[in-house]
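Going by the order they are written in, the chains are A, B, C, D and E; count residues from 1 in each one.
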Amino acid sequence: MNINKYPEIKSGGKLIKKIYVAVMLWIVGRAIQAASRVDREVKEEFGRLSDDFMMHLHVLPSGPGMIVGKDKNGKVKYMGWNPKGKKITLDMKVKNIEGAMLMFTFQESTCVASANNRLAVSGNVPDTMAFIRILNIVETYLLPKIITSFAVKRYPKWSQMSPMRKYAGRVLVYVRTFTF
Amino acid sequence: MQIPDYFKFFNKTRIVSGKKSLENIPYELQSMDAVKPLVITDKRSVDEGLVKILIDAYGDSGLVIGAVFDGVTAYTSAKTVLDAARLFRARGCDSIISIGGESCAFAAKALNLLVSHKTEDLLQFDSLPDNMHLCPFIVIPTSDSSGRETSTRSVIDGRIYESDELMPDIAVIDPRMLKKRGKAETILPALRAMAEAVEACTEDAANPMNDSFAFASIQLICENLAAAVNGGSVKSVLGLANGIAISGIVWSNAPEGIGSALAEELAVRTGNSRELCAAVLLPHTLDYKLKNTKKSVRGELLLPVAGIDRYCAAAETERGLLGVEAVFEIVKGMNKYIPVTLKELNIPRYILESTAEAVEDSFAKQYGKGGALMILESAYNGERVSGGKK
Amino acid sequence: MEDIIITLKLYSGLEKELKIPDYNVNSGVIIKVNKGTKLKNIIADSGLQKLSGYAFFSGGERINLRTKFMESAEISCLKISGGG
Amino acid sequence: MQIPGYYEFCNKVKTVSGHNALDKLPEMLASVNSVKPMIITDRGVNGAGLIEPVKKALGAKVKAGGIYDDVPADSDVKTVKDIAAKYRAAKCDSIIAVGGGSVLDTAKGVNILVSENSDNLMNFVGFGALKRRLKPLIAVPTTSGTGSEMTLVAVIADHERDVKMLFPSLFLLPDFAVLDSRMTKTLPAALTAFTAMDAMTHACEAYTCLSKNPLSDSTAVMAIKLISENIMQGVKKPGDMQARLALANASALAGMSFSNSMVGMIHAIGHSIGAICHVPHGVCMSVLLPYGLEYNLHKTGHLTGELLFPLKGAEAYNSAKAEERPLLTIKAIREMNSDLRKATGGKHPTCLKEIVDRDGNMMVPREVLSDIALLSLNDGAMVYNPEDLDYKDALMVLEKAWEGEPLDRKKIKKGKKTSLVKVKD
Amino acid sequence: MQEITGTSNRILEVNLTKKSFSVYEVPKEDLKLYLGGKGLALKMLYDRMEPGIDPLGEDNMIAIHTGVLLGTGAPCSGRFAAVTKSPLTGIMTSCSCGGAFGMALKTSGWDGLIVKGKSNTPVYLYVDSKGVEFRDAKKLWGMDTQKTQEEISKDSGGALAIGPAGENLVLYANVASGHRFLGRGGMGAVMGSKNLKAISAKGKEFKILPVNQKKFEKAKKKATDYINGNDISAGSYRNFGTNANVNLNNAGGLLPVRNFTGGTHGEAHKISGEEMAEKFKTSYSTCKPCTILCGHKGNINGQMRQIPEYETVGLMGSNLEIFDPVKISDFNEICTLMGMDTITAGGTIAWAMEATERGLFKSDLKFGSADGVCEVLKDIAHMKGIGKDLAMGSRYCSKKYGGEDFAIQVKGLEMAAYDPRGAFGQGLSYAVANRGACHLSATAFGLEVYLGLMDAYSYRSKASMVKYQEDIYSAINSLQTCVFTVFPYELETLLMKYSPRPVLKFMMNLMAGVAMRFVDVSLWPELWSAVIGNRLGMTAFLRVGARVQVLERVMNCAEGISRKDDTLPDRLLNEFRKCDSKERAIPLEKMLNRYYFVRGFDKNGIPKERTVRRLKIKKRMAV
């Protein structure tokens, strides 16, 4: 039985998926920053978080990531993808690129994803819960109703989010996200 | 619910099942300090592209697969394991992944024994301690799996190696690995797994933990069997595979029943597959137990087999009988695709007698002198055991 | 055209027919032929007639008269038998 | 039993159960080749003389490396550090933890320090920090409820920095869980009731929350069946060993079930009440259980209906129509709470205002409900609850639970209805 | 000396339990459909025996039929056939043998013999024209096969006898007649289980005359000319016996070496027929009468001994890596005296050597060394020590001790001395042969390797070739004449002799089914119809072969045989011979599907209703 009949196999790359996730992370990151200025509830949520709050959501092992946190004077900013030089208080790791694809093609909502053990979160729990609520609100803004109703357990009814607030908010968030 | 005075229960295998579960493997391996697995599989799995699916799932993980050893054959021999061990050491692997049916898992477990103890001789492992430190071992069941992958046993060259530590660390059940099979090839592993689960929970020393696993396994198999055989929808095939994997755990935690002992002996003597013999003997072992043993068959069996509504609708005393009836329905219902009596297999009578004799003594006190032979005879022509109480 | 070495092994009493003095079973008859010659010509040189009754093998496989030899090889020539 | 799209199930603990399962201790120690175990317990357990059977079981052959018995009510870093120091001093090679949830969490913390021989717990926080098997750990639970012998999370508080450290890792699962009925023989009726209802809540929530899976379901049903058949017996006649063993098994099964299928809002709110009003965990659970199920009826009504079978038996399940079953289940749980209240002579509460401490004053005043609601929103368990909860929802549930009346289901803001059974409002 | 023209058609039915016998008249219809020999013997058992009976039990029967040609002086017609249910494989086994018993029985006025029941004391039968005498065999019990025959041949022309192996129920014990044997499948054990030590026949009471003397003489002359003209029968066989195959198989990579791991070996020429002929100065010692003269005897260190046949040399020589012809002859002598099948004994000992090497089995047998083998053979015959297990065959041992992948057997019968990985058609023939891994069911390697008419490493049209050969061999065994007549009678016919080889090769490779129809097999039916009188055409002759094959398959399926059993041992499917650098695996599944289609079986290998009906086999057992 000669050994070299059974060669070593290097793992390939999934470039397209990584690009797609990177773009989505960039959009969501900027959208969070936009929403923190536009939406009252998001502002409150961030208000409750500690001042040096710095969240880093990235895909293992070396996939794309996004960092959102409060800068020196407490404003919520999207801080790109490189964690060097930043003190991360909440580190949310998605176990593999396929898990990230499931989340960002909205086949699995954030809650279902963490229920299915796709995320490995280290950092204190209250911040995580706050971030999940923020993410739900941002998704309501970013995406049409049909898609978000999959991604969220309960789509905010008329009472919680008046249509005026939703559509105006959506416009403002899009504007802020795509203007530098 | 009767709790035995003393019992032990252990399940080392972590079940990860469902969509995109294969992609977890790189992360899981790293969390067990392993980076370079050796994949043990057989030609059929390679031809069906299952190995290719795993390699794609490895994409973007940055990890390396030590090698894919596809030399496992239906009969696992020590030579295959030694070849795999040499490859394992040559590539400097640190963990093992097995893709395929029973024989791949057996070879992988034996390989784990060899490389963890750094030895070349399998025969020195006569009785295995329960606390060996083995390499991380992941099993990926496929459509050929019949349950023994997730059990504590490995059979190499006809020799049995048994230890709690041989159970795989993780069983990854991914729908992409469950290729469509012919009707008989789908039914037989499922019925064998069900036979083992039914036997475990109708044993005298059944304990609540093993019962809950057994009920889960039986329910998964009974609910999904018909759908998996006819339509073969992803959900039903996945359900079936889960039921089969859980039955391996149940089997490892229960003493060997008369049904599986008879099936084993019959398979060795007639060359039929173990799955087929187990499937044919299952209803008749239960039928005999119902009528001829003191403890008879417990009512709770009806719940996983027939579902909660039929269970609650049945009267307390009738449940044992109805449970056995339900099992008969399921197994005999499959007679369009598989033989359901020993007569259809043309098994000569003298082989029935010698099989009964071989198994008789170890079960005599529980099932009486002619018990084994009565089971085989009723399984021969497919009728119910006549001479019993009812 | 460089030469290649063919070792001819004769069985089933062929060495008697060809009257080769003190034929050694292990080493056989060594002939030098140039590369690419067909089996037919090799046989002709060695003086074997009535080709139809014999079977020729090389490297564990049956070869026919038109097989060409590129590198040196060993050829066994035998009379056909019937099994049993 | 619908097979979920994705699930994970793991319980690597070797369960040893029986009336005198502890006699098998030397055998267990030998199987993990440990010769010098260290016993960790708390004053209550030691005082109740529950350590004697353990020592007797160890017998002459095995000499315990030392007994450490002043683990505080909720474990903290300081205790863990000096137990670890004692462990190293006595050169022990395994830990036997005898006690409730906090003793076990402390033991897990100690095991991390001694196995990785470091003394800073901080660098093991979070996922994937532990990479190798730790030294052997044998868990001997003395309460049949927390099920912490089956869970993979250890929670250790750091009082100086007032933060709770979470250590979720499969390597923290104990090697053995010894369910010996003698350990719970002396448990008073009220405590038996709280802990049994705690296990019941674990099982019910595991059956209805998001990462529900076949194995968690069947272990949950088995646990509920064992509890509903044995709880009254266990409370009325503490001496009945068979009931004790059944409750111990039920709590282990419930632990096995919820450590894989996670729990939802009831635990989230329960933790907050415990944190703010220091009410024992089991007490909050038994009160909040019916409210949790009511709140999620439009999402998991059919599952709640299925729970009627293990709770009240086959006849009750069979006689009720599919639509009625969920409400009957909730009614059955409320009845159980009131029966327990009678059996424990008023100690078992049926609503938040009835929770009283030893000397009779109310532990959960009304005005503190809003803080509890706010705190519960940030509890990790909220993720797994089938329905979202915001501040107002949580407050509404707490108010109703305080009063003791059933939820007004019209007020619940309902997301996408997934219950297969149309429960009439 | 009375006379029988054609055949007497009278069969003796002996019941050992009641010690009684009766005469059974073979109906004309059966004679037409099954001719005689193996065919008729099988049909007689098909009518009388139930499926599922214990081969070593009282209800098993042995049917012997001499066949029509025996006693007429036709070339190579000194053979008779016997059929029983084999204790080794649990399915039907049919053997043919060239010993003197056939002639003695035929010339005592009987065409065949059926033995039923079981005698409580050791007994032997004495047959003469009047009937059967049951004589006490207590003093014969324990004697070896040759001594027994001497004792009882004082007043008889020929005898059948079992040795100690048969008495101790060794599952592969054989039955001796002179120094020829009913070899495979354990017929000796069946006689042993009936306490039947021997059967002897007075003989020389009748003279057998063919109905059409003139036509018979013409056919006989033509047959003799073909045999003497063909250089396989007159050349290889006559000069070197069956051991002419040793060098041929060694060159073609078919020789079994070290339990079928290698295909060739440098020292193989030491045990070849050519060198043995010179060394032992061999002379003829054959069946009577025989024209090919393939059996030889020689002076082996001082003693005149029968030269071992090729199968014995292959399986007890090269397969054990023993290349000393004297040692092999010693093993052969022990097996002859004890009465054991050398092929199964060789295969089982080879398994034992490899299992010992791997530590699965405790014995001091080693490849390449002959010491210990003689003792083991004696232990097997007397069921002592490790012999007790080895006496059950390599399938039983491998299931008990492990090592099923290198137990080289199919359906329980050890494989003959041809490695199928060198001739894929032979692999299919082994898998589907009714008796188990037997080479006399279809000698596919003859066409693929020896004559080189087909590509040995392709699956194309191998199924139809194997079916054709199975049919013709079964038909020949139903005349009862020697199967070695296949080469002279077929190859010497005008069409085959003078058609150019490339045309033959092209036809055989691509259209084997069609090409086969052009082969002229008229000589056998000519001989048969000359003796019997009624006409038998070539196609009818081949249909008899097909009928016998399918009947045997029906009886085997009734014992539980199906596609799961039509396979080859793991080693031959998944490992490769040392000499095969291209590592080619046998495409068994493809060939099997095609064979079932060509044979008229269903996907699971069970004969279809239509096939059984068209071959006019009376439906008797549910299959």
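Convention: contacts are C-beta pairs under 8 Å (C-beta built on N, C-alpha and C of every residue); 3 or more make two chains touch, one makes a residue touch a chain.
Note that the coordinates shown come from a computational prediction; the quantities given were computed from them, not determined experimentally.
Chains that count as touching both chain A and chain C, per the definition above, do not exist in this structure. Annotation of chain A and chain E: jointly contacted by B, touch as defined at the top. Note on interfaces C-E and B-E: more C-beta pairs are in contact across C-E. Geometrically, the chain at the heart of the complex, using CA-atom means, is B. Put simply, the C-alpha centre of chain C and that of chain D have 86 angstrom between them.
Centre-to-centre spacing of chain D and chain E amounts to 75 Å, using the average Cα coordinate of each chain. Spacing of chain A relative to chain B, judged by their CA centroids, is 42 angstrom.
Between chain A and chain D the centroid-to-centroid distance comes to 32 Å (mean Cα coordinates, whole Å). In chain B, the positions touching at least two other chains are 18-20, 71. Touching two or more other chains at once are residues 5-8, 128 of chain D. Multi-chain contact residues, meaning those touching two or more other chains, occur in chain A at positions 116, 120.
Shown are all chain pairs that touch, namely A-B, A-D, B-D, B-E, C-E. Residues 231-233, 235-237, 239-240, 242, 244-245, 247-248, 251-253, 263-264, 266, 269, 272, 274-275, 294, 309-311, 418, 422, 439-440, 443, 445-446, 449-452, 456, 483-484, 486-487, 501, 577, 579-580 of chain E are the ones that touch chain C when the two sit in their complex.
For chain D in complex with chain A, the touching residues are 5-8, 125-129, 163-164, 166, 209-211, 262, 377-380, 382-384, 386-388, 390, 413-416. For chain D in complex with chain B, the touching residues are 1-19, 21, 24, 31-33, 128, 131-133, 170, 214-215, 217-219, 221-222, 225-226, 229, 242, 245-246, 249, 252-253, 256, 306, 309, 314-315, 317-318.
Of all the residues in chain A, the ones that touch chain D in their complex are 91, 93, 111-112, 114-117, 120-126, 128-130, 132-133, 149, 152-155, 157, 159-160. By the touch criterion given at the top, residues 71, 73-75, 77-79, 121, 123, 156-159, 268, 270-273, 345-351 of chain B touch chain E in their complex.
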